[in-house]
Amino acid sequence: MVGYSDDKDAVLKRMRRVEGQVRGITRMVESETYCIDVLTQISAATRALQAVAMELLGEHLSHCVKQAVEDGGPDGDAKIAEARAAIERLVRS
Amino acid sequence: MVGYSDDKDAVLKRMRRVEGQVRGITRMVESETYCIDVLTQISAATRALQAVAMELLGEHLSHCVKQAVEDGGPDGDAKIAEARAAIERLVRS
Amino acid sequence: MVGYSDDKDAVLKRMRRVEGQVRGITRMVESETYCIDVLTQISAATRALQAVAMELLGEHLSHCVKQAVEDGGPDGDAKIAEARAAIERLVRS
Amino acid sequence: MVGYSDDKDAVLKRMRRVEGQVRGITRMVESETYCIDVLTQISAATRALQAVAMELLGEHLSHCVKQAVEDGGPDGDAKIAEARAAIERLVRS
């Protein structure tokens, strides 16, 4: 079980939209679209990717981390340490 | 002419790598890969997109904005105002 | 008890350094320091603030959220929802 | 002359507000304010610092970079390269 099991269809739908956005950006570059218009689409795709990340991270906290803490033992602390590292990567990316 | 004309092949190569990364993320979600591993790949794809944006923006300043300022007249200021707005979108995304 | 109780002295030390950085930026503006040098210091102060935020958020997960989940009941879910919202604000700022 | 000369008073006013925000965060930590409330204020201070950075960078492009390009010679390209590096630092911070 992964944290996003209940959300999987919605996450896949969002990811396919991001794929479409990214392919669209490649086509814009191929056809030499004006720089600023390409940048606007890159900003939009970046925001869409970050929104998926927020969803996955949130569901991970609500399910995987919560479950590990409820189960007791060292795995709860390990899952929290792992989530902290993932949050730092997201904030920096 | 666009600012990234000289760089077009390199930018396309980078964008195709980003496309591959994003498709890889979709497949990870389809096969229910562990949340944290998906997040790591989203962070990597986001950084790759931002790197393309930095390249396009930089070339836009070095070519399109520079040219408009050299040509004189109101177009230089318009191009600078447009670039400022694009930078704000990138910093916020 | 707050999540950063054990870390309080270290957090305060970091915040006093950020205060010094921010006052330094004000003085740079007062004395009309070259724009790019001011921007470099703003980037450094922003990174320092984000590092404090990462520390506080991490300790909050490791202590407050963990404790609420261990205690059982609806407060665990409420604390997780609150942390998710805080992470979104940090990623966007 | 610096790019923000005309804006200096407004920039100083904003920086003094950021100083107040940062001192407020230190006091919140001293009095052991709830973690999430401290994080909310750090997000606000970070956004305020980034807004000052956007203003300084924008005025730098509109004045210093523009002037160097208009003057002709290698200094225009040097100023653009320097601005590109500053933008990268801001996007990453």
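Order of writing sets the chain letters: A, B, C and D. Residues in each chain are counted from 1.
Assume contacts are C-beta pairs under 8 Å (C-beta built on N, C-alpha and C of every residue); 3 or more make two chains touch, one makes a residue touch a chain.
Quick caveat: nothing in here was measured; it's all calculated off a predicted structure.
Averaging C-alpha coordinates per chain and comparing to subunit C, the farthest chain turns out to be B.
Distance between chain centres (mean CA atoms), subunit B to subunit C: 28 Å.
Subunit C and subunit D have centres, each the mean of its CA atoms, that are 18 Å apart. Shared interface positions of subunit D, i.e. residues touching 2 or more other chains, are given as 50, 53, 57, 83, 90, 92. The touch graph of these protein chains is a ring, one cycle where each chain has exactly two neighbours. Touching subunit B in their complex are the following residues of subunit D: 50, 53-54, 57-58, 61-62, 65-66, 69-70, 72, 76-77, 80-81, 83-84, 87-88, 90-91.
Within the complex formed with subunit D, the residues of subunit C that make contact are 2-5, 8, 11-12, 15-16, 18-19, 22-23, 25-26, 29-30, 32-36, 38-40, 42-47, 49-50, 52-53, 56-57, 59-60, 64, 82-83, 86, 89-90, 92-93.
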